[in-house]
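Per-chain residue numbering starts at 1, and chain names A, B, C, D, E and F are given in the order in which the chains are listed.
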Amino acid sequence: MRIRVVNPNTTRAMTGVIERGARAVVGPGTLLDAVTNEMGPVSIESHYDEALSVPGILAAIAAGERDGVDGYVLACFGDPGLDAARELAAGPVIGIAEAAMRAASHLGRGFSVVTTLGRTVGLAADLVERYGMQRFCRGIHSCELPVLALDSDPDARKIITAACLEARVADQPDAIVLGCAGMSEFSAQLSAELRIPVVDGVAAATLTVQSLLMMGLRKSGRGEYAAPPPKRYVGLLREFGR
Amino acid sequence: MRIRVVNPNTTRAMTGVIERGARAVVGPGTLLDAVTNEMGPVSIESHYDEALSVPGILAAIAAGERDGVDGYVLACFGDPGLDAARELAAGPVIGIAEAAMRAASHLGRGFSVVTTLGRTVGLAADLVERYGMQRFCRGIHSCELPVLALDSDPDARKIITAACLEARVADQPDAIVLGCAGMSEFSAQLSAELRIPVVDGVAAATLTVQSLLMMGLRKSGRGEYAAPPPKRYVGLLREFGR
Amino acid sequence: MRIRVVNPNTTRAMTGVIERGARAVVGPGTLLDAVTNEMGPVSIESHYDEALSVPGILAAIAAGERDGVDGYVLACFGDPGLDAARELAAGPVIGIAEAAMRAASHLGRGFSVVTTLGRTVGLAADLVERYGMQRFCRGIHSCELPVLALDSDPDARKIITAACLEARVADQPDAIVLGCAGMSEFSAQLSAELRIPVVDGVAAATLTVQSLLMMGLRKSGRGEYAAPPPKRYVGLLREFGR
Amino acid sequence: MRIRVVNPNTTRAMTGVIERGARAVVGPGTLLDAVTNEMGPVSIESHYDEALSVPGILAAIAAGERDGVDGYVLACFGDPGLDAARELAAGPVIGIAEAAMRAASHLGRGFSVVTTLGRTVGLAADLVERYGMQRFCRGIHSCELPVLALDSDPDARKIITAACLEARVADQPDAIVLGCAGMSEFSAQLSAELRIPVVDGVAAATLTVQSLLMMGLRKSGRGEYAAPPPKRYVGLLREFGR
Amino acid sequence: MRIRVVNPNTTRAMTGVIERGARAVVGPGTLLDAVTNEMGPVSIESHYDEALSVPGILAAIAAGERDGVDGYVLACFGDPGLDAARELAAGPVIGIAEAAMRAASHLGRGFSVVTTLGRTVGLAADLVERYGMQRFCRGIHSCELPVLALDSDPDARKIITAACLEARVADQPDAIVLGCAGMSEFSAQLSAELRIPVVDGVAAATLTVQSLLMMGLRKSGRGEYAAPPPKRYVGLLREFGR
Amino acid sequence: MRIRVVNPNTTRAMTGVIERGARAVVGPGTLLDAVTNEMGPVSIESHYDEALSVPGILAAIAAGERDGVDGYVLACFGDPGLDAARELAAGPVIGIAEAAMRAASHLGRGFSVVTTLGRTVGLAADLVERYGMQRFCRGIHSCELPVLALDSDPDARKIITAACLEARVADQPDAIVLGCAGMSEFSAQLSAELRIPVVDGVAAATLTVQSLLMMGLRKSGRGEYAAPPPKRYVGLLREFGR
């Protein structure tokens, strides 16, 4: 069983963090690797960044299909390109927002999301709705840390902790969902410190892919998620034609 | 990691079916057993049956806590007693309807549910709403087979297949969810025959519990799902006092 | 016209409070009595308590049917066992949460609910949704009084009044719904003091049953609420088999 | 206790039908009368008719307040002018659509509405939403009988029965709501014939008003439903100034 | 192309304000005039006022049809009589609440409404729902200025500005919608001062009518919005019979 | 006032069709041009195609900003890249799905959408939800014509007409929305033939942009739709860095 974790931004250091988070939870029979997007922004903090991360993600999925990968994790909390990736891949593709929110929904009546910049809150709200999680999501809170500062800012953990505490007071949640793949490594410590389950989407999505594979569940291959129709592409993106 | 699957009805043969379904998907490090409810109806086909299956389920959870069980599966598609069970257990308790619908939601835009008797359709609809799955559930279809006939009626598989086909035509779903734990053993064959993913909740719930345990996620222990307040109980149920 | 009010907990003193609340509003042609649940918790303050109050409630309904009772009130704000009770009874069964919220919805655009322990707020929220009252319910507030303290704590009325005031400020409601049958006796005084209609579900449900009977309305007897299918029951609950 | 039923159209014969329906269900202590709108359309079959029925309804409410009436029924299935009437009246004002749908919601999981002309279906749908009844309403069916033909067309009952049968097949409802005050007199017979509860809003609304009065519940007098601010009115409607 | 703006209240001075707002945005080929309601309240601040503004609005529409008007604006934020007006008119009829909210929805993820008296907030909330704008509307704020004080109170602009600021802080909106036609003249200045787009419904509705006419779009003439069926009317309103 | 219409696919012939549709409705003071996407698929018929049309759309918007364009139309029914385009542009950016559905919502209670391939129905459904149009949209129908066949297939108009007729029967809509920019040229004829308003999104979006500009409404420049934060981009898309 081969699972590939795709880091939608182009920062290799972050791929390392993500890979460790995924590797920590997979079963012994699972081969896991992680790849970095080869084109686009070094971090994703706007609709613009997100849109432009997608071609590279799709290239990574196409490569994965050639490599015989069985399932994929999209390791950015916006779940960028999820629908298109599902058309390309024969096996399951799971976003970390999707998986984290579903996991949190098993832990009680309501969760809070703690994300990076305030300008991404709307994006998270769109996903809450897409996954039918409105009845579970009690609030989306930003800590105003840029994504790359998660790794470089020595106060990163402190700042995230403060935002989680604020969410716990405001929403009285049964769980907290971390709204960025780069926060992955903080989840266990936060959970212990705050005495509330803190869900890391990288782990959750990896286990969801593994579970779907274990059950032999893959898309039906007809309808909306069938392979994209072959088509000529032009200009800079001409190689994406199929 | 110890997972216990609880069969909410009192029919031992069905516990066997369920146990096989669960055992087929767990990882090597997981100890799994299955128990039969010791009081209540031999099958659950009404609100009345469901309500009266709950005391025995709660007794099974209480016993599990004494035995050091880490997580539980409630193996009846009505997810009976789920909230109360979550109060009792320290670890995760997952219903098969919950897990099956969430798994199906990862496979496309919409699923159909195929259940036993028409009178249970409303109950399934309540769960669709509870889990935020209205945007994914396209229809709930009954095959009018009583639960115990799943095992005894030689035409059971044929009848379920017909109901799945009907659902596929009516709803154009991306997946089918089997609406009874007793249908567990048919899922792989149906999936192959109908060329559409068919989700068995017993496998899905078992993997969900295992995944939550792997991530170290358990309820926060405060608020709605804290242990029930100690209380005197009287009459036939006096032993349920805590 | 015979109406029976069922007290879902096993505390006889509370049955007295409830019976007085119901008797105060029925018409001259209505025979009304109240019965106490004979098995289960002395008060209902958790999902666990609620689930275990249901067998006794169903026993009371079954006895009522033998006694020729025409309609029933379930006098606990969680409306425990409502669906199962409706299967058993030929006539109407109305919960006090259901009736209170519907009555409040006639009095303006929005109501607040004031209930006992905070841990039951989620349960009340489930009922708000079940009855389609989300557009009317502006908030659910707890006063953190245990149910049995309503009767024994000399400050009970003061504490409830404070919670109602808080709700009035926070939600600007057009009415307040009392979230516990045991608060029944306070409604008139609270209404006068707070100058806002305060709805007692015991009175509301009793009048709803009486109204439905007066109109000759009873379930159709087919489909989801038909009598439960006959079935063997085992163990402690074997007498519930039908 | 004085209840007044207002017939929103200007056809006296229909007021008679409505009054009989209301009188049949009130208690011995209730004084009930019915009045006919004195200005506007002879029947209400469009948004235009409905809008122009409202001034006369409000005049009837204002007269009722001078006469010491305690509560009102608006006996047209569009519940015309309900909000304005509630501002004017000190006591409860209940529409028959509101009351009928709420009563039907106590009888099972879903009801159908059978109304007169197809062009009024949208109006009924607006009310379903206003009262939070979307989860209960399974369909709205028209029988294409003009309102006044209910009384004059010898086949009226046959035509309505056919529409009810059609609704029963299409929606599998637990109850049928009659979507016109003029159908009031058919409800008992339809109920018996179709073996499904058939709800007449005139009876339901009358009993709802009586119940609210019995509980002493009336609007709070502040906010949205306070008496309308005094104001100069001009032209044909100048007498409506207050 | 002839567009008529109808002022639903009977205050001529306000018609002037409205006409200027509309005239400022129409194209060179559009003939625009504004008329004052000839019967009813001098301002609309309650459900009662609104209901009684409708006959005069409908008389204005009927006159417009005789005059060959192509489309209409209803220039009161409650969009009074919109459905009935659409039945009467062959061309488009657009309310200012409808148009303002739709325009604001193009400017970002969420808007706030700032209206006059608090008692009209519920009415605005009904319209938010009617137009499907719940996901865009973040709050409805009142400034407690009576409608006619918008013109006469020297502090009017200051008070509205304060309410807009409050809304901006509370809701973090991407735009503000002015909830009264009489605020029309303040929109540009507020927009500049508050550095957030401020939407005036009079301009928005006028442009919407003009756009629909430019596209040749008018109602289909069948079904719910067909011309009202001819009918006898009696009493004060007998001239409304058709 | 400069408006630019962006054709999201890379087929120049289709840009011509679109430009004609837009030009037919703009006012005399408006400068309008249309540009073709310079990279990506020749037509958009999958999530994959759509995702890969976005970089070129964003390049077109960036060029427009340098050229002093005031507002933009995205002329593909999926409204691809709308959020990202709004971040880039100082003025309004309107998608044709958005504008068409809003226009249709002014014409009655419900509309149908007629689109090209069945596999894009889900995408249209997502937009219905995004724009709050669920209460207006009665159905989405596909005619199974590939986008480029709209121009080349001699039976195109006949096939679309048939799909519109089917929608009219199934949904009883008050208007039909054409679900592809390439259908633009058919709208007037279809409208006349089918005697139901048929909405072309290209015209609707162009008029919406013109109306917003006429009102001086543009995004606030703060929050979610502020310009994207400057960022390094790598690989094939490195020139998108800002």
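For the reader, a short list of remarks on this structure follows.
Keep this in mind: contacts are C-beta pairs under 8 Å (C-beta built on N, C-alpha and C of every residue); 3 or more make two chains touch, one makes a residue touch a chain.
Owing to the predicted nature of the structure, the values given are computational and were not obtained by experimental measurement.
Chain centres computed from CA atoms place C at the largest separation from chain F. The interface formed by A-B recurs in E-F: of the pairs listed in E-F, A-F or D-E, only this one shares over half of its residue-numbered contact pairs with it.
Centroid to centroid, with C-alpha atoms defining each point, chain C and chain E lie 45 Å apart.
Our note on geometry: chain C versus chain D, Cα centroid distance of 28 Å, whole angstroms.
Among the residues of chain D, those in touch with two or more other chains are 86, 109, 122, 223-224.
Chain contact summary for the complex, chain D toward chain C: residues 25, 27-28, 86, 92, 94, 98, 102-103, 105-109, 131-136, 172, 174-175, 188, 191, 195-197, 199-200, 203-204, 207-208, 210-212, 214-225. Within the complex formed with chain D, the chain E residues making contact are 10, 38-43, 45-52, 54-56, 58, 81, 83-84, 86-88, 118-123, 126, 129-130, 146, 223-224, 226, 228-229, 231-238, 240-241.
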